[in-house]
Amino acid sequence: MIKFDHTRKARIGLPESVFCEHKSAAMLDEIITQLVEDTARPTLFTRLDAAKFAALDPALAARLDYHPLSRTAFLNGVHDDQGPGRVAIITAGTSDLPVAWEALRTLEHLGLQGTLIPDVGVAGLWRLQERLEEINAHQVIIALAGMDGAMISVIAGLTSRPVIGVPTSVGYGVSAQGLTALNSMLASCSPGVVVVNIDNGYGAACAASRVLRGVRHVPE
Amino acid sequence: MIKFDHTRKARIGLPESVFCEHKSAAMLDEIITQLVEDTARPTLFTRLDAAKFAALDPALAARLDYHPLSRTAFLNGVHDDQGPGRVAIITAGTSDLPVAWEALRTLEHLGLQGTLIPDVGVAGLWRLQERLEEINAHQVIIALAGMDGAMISVIAGLTSRPVIGVPTSVGYGVSAQGLTALNSMLASCSPGVVVVNIDNGYGAACAASRVLRGVRHVPE
Amino acid sequence: MIKFDHTRKARIGLPESVFCEHKSAAMLDEIITQLVEDTARPTLFTRLDAAKFAALDPALAARLDYHPLSRTAFLNGVHDDQGPGRVAIITAGTSDLPVAWEALRTLEHLGLQGTLIPDVGVAGLWRLQERLEEINAHQVIIALAGMDGAMISVIAGLTSRPVIGVPTSVGYGVSAQGLTALNSMLASCSPGVVVVNIDNGYGAACAASRVLRGVRHVPE
Amino acid sequence: MIKFDHTRKARIGLPESVFCEHKSAAMLDEIITQLVEDTARPTLFTRLDAAKFAALDPALAARLDYHPLSRTAFLNGVHDDQGPGRVAIITAGTSDLPVAWEALRTLEHLGLQGTLIPDVGVAGLWRLQERLEEINAHQVIIALAGMDGAMISVIAGLTSRPVIGVPTSVGYGVSAQGLTALNSMLASCSPGVVVVNIDNGYGAACAASRVLRGVRHVPE
Amino acid sequence: MIKFDHTRKARIGLPESVFCEHKSAAMLDEIITQLVEDTARPTLFTRLDAAKFAALDPALAARLDYHPLSRTAFLNGVHDDQGPGRVAIITAGTSDLPVAWEALRTLEHLGLQGTLIPDVGVAGLWRLQERLEEINAHQVIIALAGMDGAMISVIAGLTSRPVIGVPTSVGYGVSAQGLTALNSMLASCSPGVVVVNIDNGYGAACAASRVLRGVRHVPE
Amino acid sequence: MIKFDHTRKARIGLPESVFCEHKSAAMLDEIITQLVEDTARPTLFTRLDAAKFAALDPALAARLDYHPLSRTAFLNGVHDDQGPGRVAIITAGTSDLPVAWEALRTLEHLGLQGTLIPDVGVAGLWRLQERLEEINAHQVIIALAGMDGAMISVIAGLTSRPVIGVPTSVGYGVSAQGLTALNSMLASCSPGVVVVNIDNGYGAACAASRVLRGVRHVPE
Amino acid sequence: MIKFDHTRKARIGLPESVFCEHKSAAMLDEIITQLVEDTARPTLFTRLDAAKFAALDPALAARLDYHPLSRTAFLNGVHDDQGPGRVAIITAGTSDLPVAWEALRTLEHLGLQGTLIPDVGVAGLWRLQERLEEINAHQVIIALAGMDGAMISVIAGLTSRPVIGVPTSVGYGVSAQGLTALNSMLASCSPGVVVVNIDNGYGAACAASRVLRGVRHVPE
Amino acid sequence: MIKFDHTRKARIGLPESVFCEHKSAAMLDEIITQLVEDTARPTLFTRLDAAKFAALDPALAARLDYHPLSRTAFLNGVHDDQGPGRVAIITAGTSDLPVAWEALRTLEHLGLQGTLIPDVGVAGLWRLQERLEEINAHQVIIALAGMDGAMISVIAGLTSRPVIGVPTSVGYGVSAQGLTALNSMLASCSPGVVVVNIDNGYGAACAASRVLRGVRHVPE
């Protein structure tokens, strides 16, 4: 019997999700069984790869709204909170899309709106500059890049919005499964950049939710 | 002749600051000379240690409002923008105070209000729980910790506010000058934590400013 | 012909076990053949994954009491020493269960009693606080966590019991296969925490045995 | 005003200590001033190097019982609890003595008895074997080594006592300020070894206290 | 067409071997075809795993004397030089056997005699001490260990022979695929230990050959 | 007596220089004495810091044309080869100037022309764009940056010139003394970037010389 | 819809290529579909392994000129620019051939000529010396080596040509997937070596193109 | 009272030495006092830097034969054993001399003969080739290099002698205090190279002694 943190949403504004990477299909079946009848509790499953999804009990799997590219699934729908703002998700390249979609799906689960703006990496700087106005029409920017992570410094030097960097494990050799992008973002020459773990599209979306919802809870 | 990014504040809401760590006193003298007459342009100097401050041209040094603990200085006063919110700066221990003060001074430079709440590390959990309501009365939380960085996960599990983690280089051995606290924060089991570079109180304050000011620029 | 350390139990109170990870099925068949007739000598096999177990000689495999989740097997039963105390095994999350079970099975092999208390990670702090009294009713605490390893600092700040931290390889990116949890535990801000290798549930149980049995051997 | 965790001893059996490494002399003066009149509260100061001790306010420094080799100081005496057992502190070489003395002084502060047995490194194995009986007459063993950390595996293969490894930053090149000794101890081929942070004599003594005092609190 | 270093044996006493790990079966087929007719030139193939061996052209594979455990193969027999001495190959555990056999097979290829003495790891010190005289009857000692690599320091403290340490990738977690054993051996507290790359049984045997043959070439 | 590689210039187009970092003042005095009379042989000294320069024999020091910011000195003038092109040296910030000057001085020593274009880091992108035409009027670009090293990807996406990246040790925390800038440059998303060691302004200038002189030696 | 950087060739002399490693076959099908009709735009695909190539839509795959060893493919032919020079690609060993071929194919794609000179590693120094004149008949040298990367220092000490080092992931243990070769090249004792990422044959060829074409664009 | 391993020389052919790096002057005074009267026991002190030597009790320091460059001292003379062979100590550059001299002094202490052959690094390959015959006239080769460590692969490809690599901490940036040279030597493409810790001239000399003396102890 799994012990859920069912008061998490009331406490911090974010419900508990299920991180599937280290759990066997059998464990996940047990978790879904526990959660499935509580239809008022939409739950997000992350890092659920296609092979593990295929290994689930078919009757339980049928209850999931599964999205292979992002490796996410919704159980019992999504939260229908009215989102207070919009989030731009920009990527340096096409290879960053799986993580970008994890962020998009998490926003959807949380009842927030996200816009995906891919392929604005700085090797071709004009692509980012061309879409700057569109990006700035959002309230929070989630910026994904692998390899050198250089895009984050450029965008943060061009916008006043909060910029949440998500290093991706795109690249090879010294890219080190995203570590160079991570360190590059943390050491950004542009001020006020914040960063989450490598490939953590989920965490970036949660952070955007804190910015959009957590700030406004304060009576002024 | 140094080339400043004088349009930065208009562009991104944050003025260019002077990072002193790798600059000689002679370079800094030249920088101050360039900036000192432009009294409408408050400028922040960071990581200006006491020895380097003492090596400045005394006439120029006299123009600085220097704060040794935080290693920061103000030139031409601070920005008097009306801040839209308040920032709580919490620390795990007393050893984190220099970085906490760098964040506080940066907030002051930017015209924002910060409250310092020290010594709420989780080895004595009651200290954090005792002050939780006070912390939650702020709109953004900057959380500093060295060693294990564990406080960030606990506070992020107790509040809906945006939580900006600042790992500090406090500790020895495997603490690795803050690297363990950094990684621990990035790998936090609590959702939506964001992180800046080790000892980067300046960056955390800039990020808080983006959250408080950058979000509201969007017409809805 | 393998050379066993058959005097180990008499010498240090812990019998030699068989670490299977780098041994081929053929090597293991040879080892089991050597050990199987010595029915007075219960032996533990660790890190025996399901594929390797399936590759063993069926006649030999039938002599093993195999437990897939923990990847352990008993040969010739377990030690029936009367255990002098009880060990609490607490986990931050469900993903830590395989390692927790390795510790539980090792305790069983050694004739000691363990209690599994899962899902008390600090993202939802109330779960740990709710079960603190139950945890403290044990004499030694084995605490497992991956990711940030933060739970160890919180529990060690709440109990006077010996706390043996077991970092697990749960997480991704900077979690670095458990290295961040390991370093976080070693750098714990709570005093007197001790740590074993990543995923080393076996070692933690052996250490608990040293605490429960090794200390009392001293005539006072 | 520093916020102490004054209930720590009641809660976990270990009083809060003052870690001096990252604190300025001015901060320490403030801390001593807060603590000095509370003469019923013996406090330990760790990693207080000679230069910083010399920079303290002389009137306050005079209240400290300072021990340069171990970089520790006692304020308001030591705890006079009746210790339930004895701890052997063994070192591989003479260079490990400063950390060994930090452990010894911490034991004294906690009211426990320790015996120092230096220079039993395995390059000359006879030295350890010659003193094995003496070592085993203690209830807990704290074992310090730098460089290869090999002594820990040998002693743990010869005794049933709990063995707490303390890697020291002795060595150069690949010794990596104690990291190799740390990893070697964590990867020990002998079962049931537990380890603390590099140079953490303080933590090892606290762990020994948990073993000697924390275990017996349980009613059986 | 591959370019061989056919003068290597005349130049340095060691013939060129074929390192198979990064070569496709097709490349190896081409290499064997080039070498196979030169029957006076015995050639050693290393790190040729079973899957790659199975993928070779069967007619060519039939010309190889393949040994799966060590992943080595002989082509055109072995060198029949009269070896001037004997080499002891000692291992800490059974898991080190594949690398030990790579060393043994390399010695055989070079016309030297080796004796395998397994399972003398220091967790059970008596095993090493029991066989010390036998080990010392050899002129060079190749010592293999994974995990903590502690055996190397113990044996080097007990013998005057040259000791060549071979760290193996046995272990998990901080063992780091042999890196901890490597560093532990390099940082050995015993004087005069030399080390080769992780799992490099081939290199250790070549080094033994240099010691046994290279030294004697000098007219005195 | 030092053994110089006096044929190096004839062989590879670059004379041997003296790397001072690990040499004592006494060693350098000996080297200068050997070289000083050979007035046809201009020699460059690199990484000669002010303290070491001050410790040289004054009579010998007087023969050096010393430049403190770059820590370089010329002995016997510079090479007066007619340089075939011009090199732009661009820096992200003011803190990169010491390394930029090492490159400039090396170019001067080699008889090549360099132009310093500082402060064009991408936090304020307009600065780089404003000077792009000027930069492109050079034949080779040496680009220096610390922290995130992001400038290299942006400039390489805007120019067809060879771009030689020089990571500098500017920054703190994850900047890791230039390692993050190095890795970021090596993992650049812009094609055809090449990189030298951290702070290696000397090597970058030598590489520029190879490009400008080495290529043209080929008869077509 | 992917956003290509179609102005890249006009801007920097190098067209955008498609890096396939992190893209699914479905993504690649979409990319090929977008590009296939634009027959005037030759496009290079890199790191397209055989399994992924086999998973492409057969009709699209048929449009590719695929080369398995180098994992590259051409779409719409190659650029027929008249190359201004020739590039020597030298390798330390046979295992470096896949990366060497990636460089060769990239040169072909760019309309440049390359010559492959394999197996000139320094373990048999005569092989490099024997072919030095042939190597020097080229204008740029791309030098590939794994393991110790030592060849780069030797060749750079023998030629005045630009030398572009490509570390390869050949080796095991401390070779660390090419990191040791990379660092060895960056720390080369020979002056003016430049380096690209591990296994980055593509980048080395692009850098060669910058040297051969980018330099000559400057009017003098 | 220090516990010496006085039987070490009888046991392994190498006497115990005193490693001074982590010992205070006071500790060293105590050690010298213990050893000084035992005039039949020549003792070597290593890593005794000039400042620490100057801090010794002058009466004791006067008993030492101190050599600043190598940071070694002899007490009670040297061993007058008749050495059975000669050792060549070759260095890549002048900066390696302190470590080379540590090896030379250790050989002298052990009663062995060494020849120093400096400045034969491979950037100027002719220097090594010019002296190859002289080098080969020795029975063992100790080869020192920092930076890329490339010399070791070249010399090992040219000689049949045992080659003991000593990486030195010469270099900067990625040289990483000798780590790159160490890894490069361990990953050498030349067979049979053995390696000691960074800057460990002492260990290399001890290993040479094992080769020269330890091998011959075997009756054949």
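The chains carry the letters A, B, C, D, E, F, G and H, assigned in the order they are written, with residues numbered from 1 in each.
Keep in mind that, in the parts below, a residue touches a chain if its C-beta (ideal position, glycine included) is under 8 Å from a C-beta of that chain, and two chains touch if they have at least 3 such contacts.
Since the structure is predicted, the reported quantities are computational estimates derived from the model, not experimental observations.
K.L.:
Listed by label, which chains are in contact with subunit C and with subunit E?
P.N.:
Expected: D.
K.L.:
Between subunit F and subunit A, is it the same set of residue numbers doing the touching on each side, over half shared, or a different set?
P.N.:
Same, since over half the interface numbering is common to both chains.
K.L.:
How many angstrom between the C-alpha centroids of subunit F and subunit E?
P.N.:
The computed centroid separation for subunit E versus subunit F comes out at 44 Å.
K.L.:
What's the distance between the Cα centroids of subunit A and subunit E, rounded to whole Å?
P.N.:
49
K.L.:
So the centre of each chain is just the mean of its C-alpha atoms; given that, what is the distance between subunit F and subunit G in Å?
P.N.:
Chain centres of subunit F and subunit G, defined by C-alpha means, are spaced 26 Å apart.
K.L.:
Enumerate the residues of subunit H that touch no fewer than two other chains.
P.N.:
8, 93, 123-124, 156-158, 169, 173-175, 179, 182, 186-187, 190-191, 197
K.L.:
What are the touching chain pairs in this one?
P.N.:
Every pair of chains meeting the touch criterion: A-B, A-C, A-F, A-G, B-C, B-D, B-F, C-D, C-E, D-E, D-H, E-G, E-H, F-G, F-H, G-H.
K.L.:
Using the touch definition up top, name the residues of subunit B that touch subunit A in the complex.
P.N.:
Residue list for subunit B touching subunit A: 8, 11-14, 17, 85-86, 137-140, 156-164, 182, 186-187, 190-197, 202-203, 206-207, 209-215, 217-218, 220.
K.L.:
Show me the residue ranges of subunit C that touch subunit A in the complex, using the header's touch definition.
P.N.:
My answer: residues 93-95, 97, 118-120, 123-124, 126-127, 146, 169-170, 172-175.
K.L.:
Which positions of subunit D touch subunit E when the two form their complex?
P.N.:
92-93, 121-125, 145, 147-150, 152-154, 156-158, 171, 173-176, 179-191
K.L.:
Write out the stretch or stretches of subunit F touching subunit H in their complex.
P.N.:
2-5, 7-8, 16, 19, 21-24, 27, 31, 47, 167, 169, 177-179, 182, 197-200
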